[in-house]
Structures are given as C-alpha cells and as structure tokens.
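Quick notes on the structure that follows.
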Amino acid sequence: MIDTIKRISGVNPRKCMKCGKCTASCPAFERMQFHPHQFVDMVENGRIHELMNSEGIDFCLSCFACVERCPRNVEPAKVIEAVRLAVVRQQGGAHLTPDEIPALLDDELPQQAITAAFRKYRK
Amino acid sequence: MQERLKQKATQLLENGTVDRILGWKAGEFFYDLTPAVFTTKEQIEKDFVFNVFAGANLSKYLIAESRKGGKVAAFIKPCDSYSFQQLLKEHRIWRDNVYVVGVQCDGMCDAAKLGDGVLSVKEEGENLIVDTLYGEKTVLKADAIADRCASCKSKKIVIFDELIGEQGEETENDRFGEIARLEAMSPEERFEFWRGELSRCIRCNACRNVCPACSCEKCVFDNANSGVRNKAAADSFEENMFHIIRAFHVTGRCTDCGECSRVCPQNIPLHLLNRKMIKDINELYGPYQAGADMDTKPPLTNFTVDDCEPSIVHERGGQ
Amino acid sequence: MQRVGVFVCWCGSNIAATVDVEKVAEVLAKEPGVVFSTNYQYMCSQAGQEMIQESIAKYNLTGVVICSCSPRMHENTFRKTCEKAGLNPYMVEIANIREQCSWIHKDKETATEKAVILGRAAIAKVHLNAPLTSGTSPVKKRALVIGGGIAGIQTALDIADAGFDVDIVEKEPTIGGKMTQIDKTFPTLDCAACILTPKMVDAAQNEKIHIYSYSEVSSVKGFVGNFKVTIKKKARYVDETKCTGCGLCTEKCPQKKVPNAFNLGLDNRRAIYIPFAQAVPKVATIDADYCTMLKSGKCGVCSKVCTAGAIDYTQKDAFIEQEYGAIVVATGFNPIKLDQYDEFAYSQSPDVVTSLEFERLMNAAGPTGGTLLRPSDGQHPHTIVFVQCVGSRCDDSKGKPYCSKICCMYTAKHAMLCREKYPDTDVYVFYIDVRTPGKNFDEFYRRAVEEYGVHYVKGMVGKVVPENGKLKVQASDLIGNQQLHIDADMVVLAAAIEPDKSARPLATMLTASMDTNDFFTEAHPKLRPVESPTAGIFLSGACQGPKDIPETVAQASAAAAKVIGLLNKDHLVCNPCTAQPDELMCNGCSSCEKVCPYGAITYVDKEFRGPNRTTLLRRVAQVNPAVCQGCGACTVACPSGAMDLKGFSNKQIMAEVDAICR
Amino acid sequence: MPVNEEFKPTIVAFCCNWCSYAGADLSGTNRLQYPANVKIIRIPCSCRLNPMFVLRAFQRGADGVILCGCHPGDCHYTTGNYYARRRMTLLFSMLDFLGIERERTRVEWVSAAEGAKFAATMNDFSATIHKLGPNRRLEDLRCRKD
Amino acid sequence: MTYSYFPGCTLKTKGKDLDIWGRASAEALGFTLEELPDWQCCGAVYPMAKDEIATRLSSVRALMAAGEKGQDLVTLCSACHHVIKRVNNDLRTDETIRDKVARYLKLETPYAGETNVRHYLEVLRDKIGFDVLKEKVVNPLTGRKIGAYYGCMLLRPASEMGFDDPENPTILEDFIRAIGAEPVIYARRNECCGGYCTIKDKGFATKQVDAIMENARNCGAEELITACPLCLYNLKENATDGLPVAYFTELLAEALGVKEAAK
C-alpha cells in the first residue's frame, strides 16, 4: 500500500524533515482530521488505512500552498491526493453521486466547480 | 618567366647578395621539377627550370639551407610564402640568411590532367602545347590546372625582399566546399569514404617529408619515447593513426599549401583532413590563416574563456 | 626492468569486503617484474609500513606498487615509507582500489577483476618510473589576508605576532566585518564591540600589519611561497594620510538620504561617511553613487569644511603589486536575500526583519539607540515571532541545503534579550530542531525557555499577513497538533547565511576549489581543515562553512599557525614532477612557452654536434623546475614531443592505457 | 559477426588530479555506483591529455574515452582546461570527420565536490557506449588488407 | 499576432463575461484569439496522480492542435491554464507519461510539450507589454483602488507555472497600474478562497472569503479583480460583507473603451 501511494503520488516521503510548514500553510487545517505533515509521516510509516478512513480527506483544496512552501520539495498535496484516490478507486468509494448534484446547484455556480468536484470525489 | 628568374638568380649571385640560389631543376620526368641549390651562373644556365610544374614548396628546404652559413636566395610563390612565414614564426628559419624573391603564380598544372603518353609540354600564353606519343595537341591551361590551385586561397606574397611579378590579394575560393560535402554525409558514408581512401596508404612518408609543417628535428614516429614510434606500418591500424596524428600535429600550423596530396603516390586526398581542421578553427575560434602574419597566436596555444565545449561536435551533427 | 613489490591493502573490510585481496596479490605476482606480492589488513599502519620497508630490503625492490585507498589519501605516506627504506619516493605508484573500486562496486568478482587491472596499470607505470629529486624554491616572507573580519584580523594578528609581515585587504572602508554589526555574543552575552574593537585597534597599530581598506584583490599569479598579487585600492576620494577622522564632513554633507549600509538600510547616512565610530582606519569615504560633487560637479561642501585638506575628488583607483609567500582567505558570509520567501512578507512589511537587522535594532549604536522599536511606526513591539531555518536546510530548488549553524543560538540570544529588557513582550520561536552543540550552548537555550519564558514552538510559520499594523502569523504547532494564529508586532527571520559574493571570483584567481555552495573546500575535511587543496592558500572563518565566533577565531588562529609554519621555511621543496625538454628533439618553436601559465619556459641558443664534425646552433627550450608546477600543458603543445613530464611521461601514461585496454 | 551477448565495453577515463580525480574519489566515499568497466587514469591536469593517448586507447581496444577536468575557470593551473577544451574539440571533430561515432569521445567538467555528477556521468557514458556496441569502426579503419 | 485559444467550459456558460471582454480587448490591443475547434473540457483539476493518463488527454489534444498551427496556446480561466500548463510540463519532463499518452492517442511521434502555454495576462505582460497597454487605454480608471486576487492556481507551483513570484506577485498589480487605477497590495491575495468546497461546505468557503475580504479592505481596497470564474463566484456569493469583485477582463475592456460594444 505504501508503494501504491508512492507510485500514484511520485513523492518520496523520506525527503520530509518534519518542519510542519505545510500544515502551517494549510487553509483547510480545521476541517481535516489529519494534516499535511501527518499524511507524509503516516504514509512513510504505513498508516495508510487510518488516513483513508479519516475525516476530511476530501477537504484538501489542492491549493498547492504546502507544495510551494515546503522547503524539501516533498509535495504533500500529491500525497493527500494519492490517498484520496486510493479511496475513490475502491468500489463504492466515490464521495459524490450525480443524484446529489441538483440540490447543490445555484444559478451562478460555475461549471468548473461541478467538474472539479466530480473529478475529485469519484471515478 | 623562367628567363626572368634565371636572370635574377644570376644577378643575385654575381652582385654578392647571396651565395646560393634555391630553385628548381628538372627531375626524371618533365613534370616533376625538383628543388635544387645553385651556386654558379653556369649551373643556373644549364639546370634552372621554372614552369607550370614548379609546384614544389621551397620554404621547408630553407630550414636547413638558412643554417649552412652564407646567404641563400629562394624563389617563393604566394602559397609558399605562408609556409615560409609560419616557419619563421616558429623560429625554424634563420631569416637573416635568406633573401626572399617573391614570384607571382597563375597556378600550377597537374600532369595527370593532360592524358596519356605525354612527352613534353610548352607554354604558349593561355595554352599548353602538349607533345604526345600520338602527336601534338593544344590544351587550355585552365583545364589542366591542379586541384589545389583551382581553389587557390591567396595570390598574396606575405613576405619577400624583392618581387617578381605583381603582388596579389587573397582570393575568393570555395576550398571548403569539398569539406562541407563530406560533412553533410552520414557518419557511415564518411567512414566508407575514408576507409576507401586511407586503405591505399603505403606509408611511404612522402606526405610527411614534403610538408613544411612536418619539420620536427625528430618526428614522433621516429622517436622511441613518444610511444607511437613506427617507421613503417607494422599494423595497418597505425597507418590511419599516422594520418590522424599527423593531421593533429599540423593543426593550427598547416597553411593549406596542399603539398601532401600533391606528392601522395596513392592520390589520397590528405589535404582534406588538414582543411577540415582549418575550417573548424575558422568557424569555432574565428578566422585564422597560418603564416599570414607573425603576431596572431596560433589557435591551439590560445583560448578564450567562452570557447565552445567539445560537445559541440555532438550538437552540430556532422558539420 | 624494475624489481617490483606489490602490496595489497584490505583497509579492514573497506576493500577486503568487495575485493578478493588475496587473489589480487596472487594474480599480480605473475606480472612481469613482480618479485614479491602480498596483502595485509592495514598497509598504512605502522606494521604495514614496516612490512613494506622490510620487503624493499629483502627483495631488493626498485619499484613499489600499493593497491589501497586513493593516492590523494596516502601517496605521501607511502612515499615517505619507501624513502626511509632507501628507495626513491617517486618509485612508488598507488592503485586506487578503494574509492575507485571497492566502494563503488558490489559484486566481488567484478571488483576483484577491476582491482587486478588497476594494479596492472600501476605496475606498468612503475616500470617506467625514474627516481626523481625535488628542487627547492625560496619563500617570500610575507602573508596576505583577504578579508578583514574577525577571522582575518585574528589570523593577521597571530602571523604578525610570529614576526612576519602581513597585509589585510578589506573591501569595505573599515575592517571589523559582520561582528561590528552584532550587539551581544552568545552564550556569554558580552558586548561584541567591546571584544572586537580592541582587536581592530591592535591590528591597526601593529607594525607588522598593513591594512588595505576599501581595497580588493584584482589578480593573483605565482604559486606557494611566491605569489604575485595586485591589489586594487578603490578611490575613496579622501586622502587617508591626511584625514584625521574628525567627522565634520559627515555632519555637513548636504546629501542626507543615503541608505546606511552599516545599519542595513534601517536609517540614512550622508554621502561622505565613516561607517561607525570605532572604524579602523577611521577615515572618511565618499560614496560616489550619491555624492553630488562627483555626479554633477556642484557642491564641494566636504572639501570646504575639511581643515586637513584631505578631500580629493580626482582620486583614482590605485593598483599595488606585492609578493607573498602565503595567502589566507577570510571572505566571510552574508545573510541570503529573502525575496524567494515572501510568504513571510519580508518585502511587504518593514516590521518583518532579518536577524542581523534585529541586531542593529537592539544595538545601542544602531538606528534606534538600542531601544527596540518597530521600523514601521517606532512603537514598542509586544509580540515578537522568530522564525528559524529561513532558506536553510532546503531542497536545492528551494534554498540552501546546509544548516546555517549559528541561527539557533543567536535566536535564543535575541529571544532572551527581548524578554530581559522588555518583560512585557511575548516571544515565540518557531523551530524545526534546536541545534546547540557547543560549550554552554544548550544550557543557554534552556535558560531562554525556563528562566526567560520564551515560547519555543516546534513547527513552522506558513504565512504572515500584514494588516492594520499587526502581522497575522499563521503557524503550526506540531506537538500540540494545532494551527496557531498569532497577532504579532514584529517577525524576525533567521535567514540562511551564504559565502560572500566576492568569494567565487577570488577562488578562480587563486585556483582554490569550492563546493557547490561556494564555500571553499578544505584539503581534507578532518585532517587539514584550514588549508585549501591549492598549496599556499589557507582558509579562515566562514568562507569555509558556517561558523560562530569562537569557531571562527579558533580556525583563524589555526590558519595563522599553518602560515607561520610555511613562512618559517627559507625554501620549499618543489614538486619534482616537472616538465623536461629533450633538447635533441626541440624545434625551438615556442609553442610550449605560449601555453605555460607560470612563465617557466625560456629559450637559449645552444651548439649541438652535427654530422661530419660540424656544430649546429639551435634554439631550444629550458624549463625552470622551481617555477614549473607540472601541469603538462607544454607537453601536448609541443609538436615534436620533445617536452615530456616527469612522473607522468608519455610512455608512462600510454603504459597505463595499454594495461587497462589489453 | 558473432553476436557478443555480454558486451562489456572498455572505457578509459582520464581525470585531472585536482578536480575530477577528487570528484571520482568523492563518489567512492559516498558509495555512488558506476560500472566497473570504467577505469580511471590520473593525469595532473586535463591539459596533459595528449590526443595520442586517446588514439592509443582506441588502438588498444577501448570502446570509449572520456576526459574529466576542472570546470573552465577553476583549473588548478589556471588555464590548462581551456587548452584541453580546444584540443579535444578539434580531435573529436576530426574523428567525427573520419566517420567514427562521435559518442565514443566526451569531455565533462567535474569538480572535486561533484561526486554525484562523476558517477552520473560515468553511468551515462557507459550506457551510451553500451548502446553503440564495440568499437568496430576504428578497428575497421585499420583496414586490414587480408 | 494570432494565438490558439482555449476558452474552457465555464467561459462558455457561467463565465461568459470573462471570455467576451477578453476577446474584445484582445482585438483592441491587436492580437487575435483563435478558438480551437472541438476543444474538450480540461477537467478543471490537474490530475496529480502520476498513473492517470486519460484525464490528461483533453489537454494534450488542445496542446497538439495549437502546436500543429504553430501557435502558442492562450487561456483565460485560471483553472484551465493551471491544468493545461502542468499537463504540458508533464509531457515535457516525464517520459513515462509521454510514452503512455503517445500510445493512447496512437501518435507516431510522441508529443513532448513543444507548445507554449500562456495565460492571457502573460500575453499582456510579455508580448504586448504593459507600457503599450497603458498607451492604448482611452478610459483610465483613475482613482479606483483595486485589490488583485490571484488565488491559488495562477501562481502555484511556481516551478511549473513560471507565472510570477508565488508569494509576492506583481503581474496583476502592474496590470492595474497600466489601466490607470491604483493597486492595493494585501498579503492574502494568493491564499486559497476555498472555492472547491463551496458545494460541500459553504460555511468553510465563507470563512476563507471573509478573511481575504477583510485583509483587502483593511489594506485599502475598494474592489477586487480576479481571473478565475470559481474565485469570482465564491468571493461574490459566499462573502458575508464583500467588496465588489470583477473579472480583470471587464476592467480591461472598460479601460480600452470596448466594454459596452462587446456586450
């Protein structure tokens, strides 16, 4: 499983020096049970199922603040995305179904929000 | 022209300017004029020859002649003058002992272009009157001109004490055309070309012996300590090594006089290797003509901080 | 044919683990000329060296091949060993089967095979070796120190103390360097100026020391014992010999808006200035970029007020040539530019400062007179956030890969001083690790936490948002697993330090090597830490790597000791591997002379015997072995192959080629 | 031509004593692997490399020859590598002109601090030579008349 | 100068304004945006997973279509720009992805990222020049205090986007100056607005937006501009008490005097 995450993300979690700048930069901190530096650490230590079952993994905004500011070029966002994909690629792992969509829409909501949500939350 | 040269030679001897004259005399055949030293008027009258076959570059002989004591006069054609000055630059010739008579030249002829059975040749203006086994014929001089003269780089006599004929200028020429054609080939084609040419080498050393740049006191191929000594090719690989090493040794010093190819009994176009190096130097390090002056630093003992990297050979492909 | 002995070293398991040393010794024993071949655990040990010496005597060896670590490591050791046994030291060749074999290969068979080939090459070479004797060259008894910071000053004082002349070249108008800008020093908290300025005065007053301030090295030629250096004395438009340092001009100059570099631009100075009160030499300098007289020819106030008549608007850069036996590099460091890290809003708010700027804000001689005030509004800050490792310990694409070493300690110092002077401030320090290896260092840091109540937070700041006069700091607290949001008044960034920009061109002039970060490389990281691999070049202070003051001073004195050791000698033993022409083959063409970087080649006209009892006068090359450094450029330039290099002759190298390719 | 299943190229690396030989040592110190068929010959400076040595190596069966020296500007002898750079450029050009695969010759500048670059260079060069196969053209230029 | 133009899904629907004013201004400035025929939605999210190929293909098709015409590919929407530029970078640098894409699309020669991707703003800065733009302004927006909102996708990761300094960008500020207004610099202009979570958790989006608005207002901004339809929506709809927000192209068209005509 560690290898799957490493392969999907292309990230070597061992580059991390545990400075926590990713977590310091994360706008979605409050909504996530585990934070970017923990993702990197837990992937390194094989605690991937915990991550997959944790709250708020779909809250990462992919804003790349952690990627930009990481002094070691670890790219935590890619690790989080890989964990999320590990979830949605499972049967029934999708986070969003087409039935749920109409209730979420309003007149102004741009297409890209829906497209993005679909891309992010289901396969 | 021959008469003017003879006259000048006699005059220089008689008025005591020099003790010896370096010129040409007839060889075994009509077309192989040979460098020769004359010390008396009589010798000159009898043997001195100058015609369209006086291709031999006399400058190299001055290395030895200039050291023999006394003064020697030499007839130097434009292309010879570059070799002469290059040797001066390398401190090889003792300038004080040489009196240089510059001789303008319209290009030398290649006997092979006159056809078979030639017995003798006479110059008549733009024509050559060729006497053959099969009778007399007239050939346009321009049609028999040697390849190296057809792409003559310069009519300028870069150094002289006295001039016979007009001073000339550097000429427009396409002497690098043949190189460009080879460069445009694929490496495989070039390889086949050179294999075809170099496999004919018999290691007679004629090229080395005639080359004005090959004037070392002791040639590396004769030197046990050089690690590449071989008198004759023990291993035919060494023939090619010989040509590569020789070409590299004269790189930046070769004036492109073309003597190497002229004397090659196997007609290997050896000058192409030297010319390729000249073309590279011009393109990579700026125009340079060996022997053109006394001051410009030779390209291989010079550099600029921004020189191209050797990988340029990869990058620019075959060119 | 030589009688060769082969000695294969195991280097413990370093070689023996991947190379079958016994087999190597066995196979090499069959090489031509090898009369003895053996292997041993540690050839460089006393016992190993004795074994070599005994074998030389016993087997009457004329050549020795040692298969061991890199010749850069122990070539000299083994040469000395053999010399003691009566063998010429240059009859020794090393086959590098550790760095270039056992350490890079895993498969024992492959590594063994390669070791044998490397051994063969060395044997082939040693057969062609000839005994060489070293010449000597004189030593110029004068040292040059480049950089007049604490490192350069200490080195110069120590060298002068031993009785040698020493020149300091400093690019700024005053010596003193970074330490002059520092307020207090850790871990003792004594005043930096109080310990530095007496040393600056000592240097100025020492008869053996000459200070070239506002000067740079513009060219270096020569070699150890015999450097020829050109020093460029930049025009300061003030005659140093006349200026009394009264400072009147610096008060009267009408150009008041010049950013004061000494205070890192936190305040302004005049166009004519003395950097600070204790400057050495205490001489004014005109800043040509701002002086209206120099720019437009109108003004001349300083000249009018100067009673000593020291102002000279026509002064030009002057060049001084001097010879030295040794050169010490003490070019120091600078904090990096922080443009790349603007998540900390350094370029967006004046209240975000670097630690060095913070030093100036705390310093009694600084822009605020020693009272800590915010640059934006001059208010006293109540919450201060320190951020560690800004630009240090980064991936290469993001900053400096190394630890800047001094930041943990000076930040602890800053935090402690803040709390001591202003107990009403809240001080946070965000750290990745706190690194305090040093005498009384960790105790110092613990005091900051325990006695002074500094909040040390393991975590990093992610974003600083200047808003309404506050700096909103968003950070992580990894131990508390929370994101912190602090409204700070000031943020202090511990910027990484990097070598001074002048170091790279200087290294090129000195042909001294540098690492990828532009720190000078030492000859050996453990055993020769103050010497450059280039003979006669020594390293002092932070130009070699990040250092604090005590370490810098220790290294400065160590470098001085090495210089004194060198200058004490009247002659240096030269490298005997020099070029040598075969006069019989020399054409006298001057090709070699043109490429010699040392001017070691000259020409003479010499008589040679010719055929038939004649004599021939020929021009031939001569090499001065005391000047030749043995690069070999001439050997390749020589068309006839008359020039060869002793120790690396054509035949020797070709023998190695043959051995490898066969 | 018999197919040489396991072609182990012979590669000669000439390294200057001050930068590249030290760089090679550093790659050893850092245990960075590169193929064993790379054999290093120490020369004082890249400018000591006589083109004859390169030819000699090919003559004796080398499949690739590489010269490593200090970066331009950093030569221990100030200017040596500048001369080496011109000499090798022209030599390589001449070999290329003769139709020899230009990939068989290379110059790389490797400083004493670039252990990783040294290993990477050797790996890359070795892989290149491996792809080219044995040095046949220079051998064929021997044009044995048998 | 003619550029291939990739409008993207939103610019054809809810984000028409961004598109219309962008094109009108382009004409006024003397460059043409030639819409790619049959373009497909870029997917709106850059596929970070190295093993996803299909999600990269629509970008590759657009890139190749522009490449065949020998034109640079210009985008207006931040998201499209982000996705297409990064996919292009993948094909430039990642051999595996390049090979897989070539096999998917049955390409004879693999596409290796030869096409240049430019954001409309980059064209203004690097090709037209802000000084030239300034000269062409007929209707300078003098006296307006405008905060630039960059959001996340234009700038990050800087190593791939190569757009501007990711932490202290200036391109939009220079743009604002060029159209005669006064830029207001505030630090949160590159902090994420939380737009992606608007479907999921409006409260969260609101919190993000309010922080940005507060910061901009406190620094003196009276209105904001953006290049991203999602940011525009989010800043407008989810703010508690927001400043007015507009597309940068709207102000551009206004300054160039082509705003009304385009509508």
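First chain written, first letter: the chains are A, B, C, D and E, and each begins at residue 1.
Here, a residue touches a chain if its C-beta (ideal position, glycine included) is under 8 Å from a C-beta of that chain, and two chains touch if they have at least 3 such contacts.
Since the structure is predicted, the reported quantities are computational estimates derived from the model, not experimental observations.
Minimum number of contact steps separating chain B from chain D: 1. Listed by label, the chains that touch chain A and also chain D are C.
If you take chain B and chain E together, the chains in touch with both are C. Comparing the centres of all chains, each the average of its CA atoms, the largest separation from chain C belongs to B. The busiest chain interface, judged by C-beta pairs in contact, is C-D. A centroid comparison over C-alpha atoms places B as the chain most distant from chain E. Inter-chain spacing, taken between the CA centroids of chain D and chain E, is 49 Å.
Centre-to-centre spacing of chain B and chain C amounts to 54 Å, using the average Cα coordinate of each chain. Note on chain placement: the centre of chain A and the centre of chain E lie 23 Å apart, centres being C-alpha means. Listed for chain A are residues 30, 65, each touching two or more other chains. Each of residues 167, 191 in chain E touches at least two other chains. Shown for chain C are the residues in touch with two or more other chains, namely 343, 397, 463, 595, 637, 650, 654. By the contact rule set out at the top, the touching chain pairs are A-C, A-E, B-C, B-D, C-D, C-E.
Those residues of chain E that touch chain C in the complex are listed here as 159, 165, 167-168, 185-188, 191, 214-215, 218-219. Chain contact summary for the complex, chain A toward chain C: residues 15, 17-26, 29-30, 35, 37, 65, 69-73.
Residues of chain A touching chain E in their complex: 7-10, 27-28, 30-31, 58-59, 61-65, 67-68, 75, 77-78, 81-82, 85, 104, 106, 108-117, 119-120.
Across the complex, chain C meets chain B through its residues 582, 584-591, 594-595, 603, 616-619, 637, 639-642, 644, 649-651, 654. Within the complex formed with chain D, the chain B residues making contact are 182-183, 187-195, 198-199, 220, 226-228, 235-241, 244-245, 247-248, 251, 273, 276-277, 280-281, 284-285, 299-305, 307-314, 318.
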